[in-house]
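Let me begin by handing over the structure; questions about it come next.
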């Protein structure tokens, strides 16, 4: 059975069904979308259960010739890293649908279109993580911009069109640079035993270091825009401020992970030597992202902008973990991707709910919410704690792994990175104080607390956040072999402890 | 007489035509300049044919004349139409489409 | 004396059929009743193109045959390009068939009583159909031409009808006439250069056939300055036709002024023909002299990509914007030409097909967006189109995505193929510029989408007419082709790869 | 030895806390009782384990419980597992014991608060986190508890966060703690990089092979952590503000337990500090500075809780100082920690009782003569007072005296300095504590007519009484026959190192008692007469500085906060203008060139022809040049 294709095709099928619905039935479109996404989530869990932890290499491999004249194959396969990211994506989609049950109603077009776009996006998300053919990856990578573009521009708020355009242009720019690099490596493969896009075969190529550096940059800049890494981040706050909360969740939670995922899967795997060359610069950029994102988050007046900048800080951690080139760093970074997905989801969803109730997303307009809407306030608080990596919540494990993994190779970077811990406390607690604490700001007296639907949406997210904080082992067990494999293939090994090393 | 001189003449005619297109305003004159260029080419063809002693070039000259005649038909049609609309044959007057 | 000339009619059949159809069309103008002329002409034209295509299929397995005493070369690329031209022309004619786009009486002065009465009488300038066929015939011949005379004649045969067709718009006739005038004057100017170049090539090689010139190029004994002048001016003629910088200036004006269906036809089909001829000349004739022309063509390719993309950004008129976009695409195509390898040839052929269909579709959609005074090409007035007719807007967006080279559209595969070929030839700088200008180009395509979907309806009388069946077939088929070529281009690519070898 | 019960110590209160939070208002009626029972049962388990431990020989008293493998990546292996040894059981009993008493006290103290259930949920959460802190068998497990208590502290300080200044105080506490946490996490990183493990046992085993630099690094980072959590210089400023929390919280978290976590951390890491003399010296210095710092601040505060908070700071300074004195000091530090837990908690509860009777008035200048109206409070408070200033035979005497003695006897000139500081601290302590007693319980009444001071109910004074008993007896119980020192010996490796004693114990004790007497005398002399209801403003500069917490807040504001805010504002502007601006500039350049090139498209056919002509020349020229 073609598990991965089925997984990817299912949402597309749902989208098609919704497309055939008459216009008036926007409610059935919702339910259909929800049903589809839940089915996809179940299939995703099934795949996870059938995943064999100890088997090296890609699993659930599918390989069909697609465009033979260019050596392009439709080939899918997942390792542990891809698996957890796919799992996160398919779990987040139904949550986003439930959470934003009415999100589709304020848009330029009807609900139908909204859910079609969401489901198409889900297909693309699965595809981008599952592709093992570089060309196929690129196709998904670029094509997924289109639904997001329309989701932001069509259903967002404020300067949504401008934000959507900015998002698209940034991404296209990066994508096109990557295209040039993909072409480059493809041409080189042609000189060394036949044109191919197969990731494994491409990683065997011998490329001279100058070329490798340029190709690496082509890939890396695209991923750095996506991730986003300072100074290529300015699209993100705008997009996040304009998009609906659900879209933002998918944007920051899943799409941006493609960037960091790509760094592991493509940058390091294909260009180990250049990865080594550029590591110092990238670590510095990551550090700047961590601190810069944190400071900017502190300075934000808009709650969504704040979350966006916290994400920039978090992506700094992820990038740093990846380029620390240690198993702790890599596993930590991968786990961080998942955890960040969930904690940002929680933050964005709750922020979206309270903004909608209040009709404003300016932090100063809130105040005393803990007295008015206690459950919402607590949910936001817990999500915030996860974001500041409180031990016992999921992000802590990953953030600490990243830091430890970085320290063993780049102590100075890790030391500077830990400053992010303090700043994280500031950027979470300042808005918490302004929005949740203090006297009740006029205009907030009559806000309603969380609804049943919202409870259903947020409960699994919070549960995951807490569960993974205490017991990240299931994920780490899956991620570790993949991290080790990536690093071994690229020729890295963990620094041994100075005392009693192996 | 050195046949290269015919080539110089041809080049001169061509240049006159090419420059004439740029400096003259009247559409008809511009068009005639183009015809001059075509004929310069014809002269070159014939000269080369003469130098080489083959007939190809001379035959091409006839083709060119036919084509030029066709061009006149089409060109005059267009110029006359626009003259009727605008009451002017200045090519500078037709400059609505720009930027 | 030599043998009686053998024309080999079967090889020339597609061209001859189209020419024949055109002549019959002219006769129809003379003898058919005015009321039925439009239908008859349309049927005749589509039928002619269809039969021509069938006859082309019959000779599709020829990979090397000369016809008309070696004047016409029937090889793989010829067949591919003729096929592409016929297909594009077929769908373009469907859109042209919606004769509301054309003036009732071309000879009538705009705004005159004569024009009004012609309009009221419902007269139609059905000569547009035979003109189209003549142009198609020229286009079919152009890439197949194997000697200088044929090349020149084909160039003129394809150009002259287009000059006229550009002036036949129903609305904004002053624009249209001006477009015709500009196109004609500049086109003739460029033709003159072309001919002058041809003369010097003849003087250089004492041969009019491409293979003869090629032999002289390899021999290297003949007079080099003649080769230089010949090469330069021949190139100029071709560069003009495809709208390369700095010979591009006519493109935006003509594209904007001409009747939209004609613009679509011109943009799509002329490009195929001109690039076809260019490929043959550079790949076959001057390949060995590439160190002469490749550097400057590289510069031109870069300039064309950049100028097209950059200037398009600030356009307010959608047709004009697409004109600049077509200039940028010419630049992309150039990177395939100067790659000078088989991959480049194949990529260019694929790109031409992909771009041709997207162009037909896009201009087809533009013909549908109107108010009472005709088509609306002012971009600002496209605001809210996405709400009023979502399907048409979606289709147009899809074409724009194809132009921008977003994956899952034909444009992406084309761009990928062509950049790959360029990279393969070692011309990495061109690839980088190509990629950058693609990024710039994306901006103005997206701007149109923003206008259609995200700008607020300004409530003016913009309507989308219900497309006639033919037009809708044409645009939806174009969309379909664009999608299929993007998702599963394998059959087409295979066909191109088998056929794409020039024969000298 | 393993045990299966340890997890319940943590799980019960943790569950209870989550349960009460989830149930919400439904649990309002019985939540406080439920939480108190849970806390009591945790104490029960602790006591049970304690008895079991007593039954075993001293070298095998430690028990462990492995729960599950928590983080396992490459060589980074951390189990969620617990360790109960002589050190941790001392804390467990203190935390659950004092904790339970304070739960009981709070039932009455918080009875009028609508959110009492939530308060108890937080208290239970704190108990769980604090127990995890002392039970974790590795630095990382400790870290979880470490941040957990920080969170609990944050929540409880900000319990009445509808008042903005309370919310700010909570935030300040959390941030200051986080700065310390950076130290802890860095220490863990260095430890992992050095030893390849972060468990206490693993590190201790390999410690001998490590370089001094690494050990010093770990030590200093742990010290940083301790300064954050235990309100030591220079991270002490949050503690005063933390008094915004309800008084039981101040008693439990900010006096008895959480703030002493730093002492626990250093004692737990004795194997590191014993091998890193530089770090140890820093510990001593920080302790000495803080004990003076706190004491000086204490002299100037009119707010009863802030005065007590300053005293806490100072007393923890003593403990930290003791931990820096090497193997001999750990036991005394912990002993002082335990006795301090009793008397300071007792005094805080007493202060709460006073506030309870005085409509939450905290300004001691508006008290006066309360002894007669609140006899039980006055007596329990008084017993705590005697303990803290170190009057024999009260608890504080035993523990503090030992610290001063050890300080004096440490080597070289260092001993004289720190001993002197400790002694001076004792003097100042006696002064400010006497001041508190005088202002609050004796003299003329200075309160408003509206106030009706009254004794607190039994639920409140009961716990106070028990703590008072502790303040009286615990010192003697722990120190007689060196009981506690030998109890802790297996953990801290203090194997009776013989010191050349500079001062005989009798001498030190005498000096200390004299110092206390002087302090008390000065206080009586100064506050015997009438005390103005409003703090006089024409005081000397030192008093002013002391009232402002020795300018620590001003320092932080000037050096950290303002530059930080400026940096933030600068970066926000940079992001918009410079970075996004750069991107926009690229766009503007493209658009500008677009407009520029458009101008060539002027609509005149002749200029197009000229362009072609020009192109022709350029083409010809280039091809010609290339050909040459």
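Every chain is named by a letter (A, B, C and D) in the order it is written, and numbering of its residues begins at 1.
One rule holds for everything that comes next: a residue touches a chain if its C-beta (ideal position, glycine included) is under 8 Å from a C-beta of that chain, and two chains touch if they have at least 3 such contacts.
Here the structure is a predicted model, which means the values were calculated and not measured.
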Handout entry: Central chain (distance from its CA mean to the mean of all protein CA atoms)
Key = A
Problem - Rounded Å distance between chain A and chain C, as computed from the means of their C-alpha atoms - result: 44
Completion exercise
Note: chain D sits from chain A at a C-alpha centroid distance in Å of 37
Problem - Whole-Å separation of chain centres (CA-atom averages), chain A against chain B - result: 65
Problem - Distance from the mean Cα position of chain C to that of chain B, given in whole angstrom - result: 25
Handout entry: Residues within chain A bordering two or more other chains
Key = none
Completion exercise
Residues of chain B that touch two or more other chains sit at 18, 21, 30, 91, 94-98
Fill in the blank from the handout: In chain C, the residues touching two or more other chains are 181-182, 185, 189, 193, 252-253, 443
Fill in the blank from the handout: Chain pairs satisfying touch are A-C, A-D, B-C, B-D, C-D
Practice task
Could you please specify the touching residues of chain D with respect to chain B in the complex?
Solution key: 598-599, 601-606, 609-610, 613, 616
Practice task
Name, in rising order, each residue of chain C that touches chain D in their complex.
Solution key: 181-182, 185-186, 189-190, 193, 224, 228-229, 231-233, 235-236, 239-240, 246-247, 249-250, 252-253, 291-293, 295-296, 299, 307, 310-314, 440, 443
Fill in the blank from the handout: Counting only contacts in the complex, chain B reaches chain D at residues 18-19, 21-25, 30, 91-92, 94-99
Exercise for the section: Provide the residue numbers of chain C that touch chain B in the complex, in ascending order. Expected result: 106-107, 109-110, 148-149, 152-153, 156, 160, 163-164, 167, 173-175, 177-182, 184-185, 188-189, 191-193, 195-196, 198-200, 202-203, 206-208, 252-253, 256-257
Exercise for the section: Using the touch rule from the top, collect the residues of chain B that touch chain C in their complex. Expected result: 7, 10, 14, 17-18, 21, 27, 30-31, 34, 37-38, 40-42, 44-45, 47-49, 51-52, 54, 56-57, 59-60, 63-64, 67, 70-71, 74-75, 77-79, 81-82, 84-86, 91, 94-98
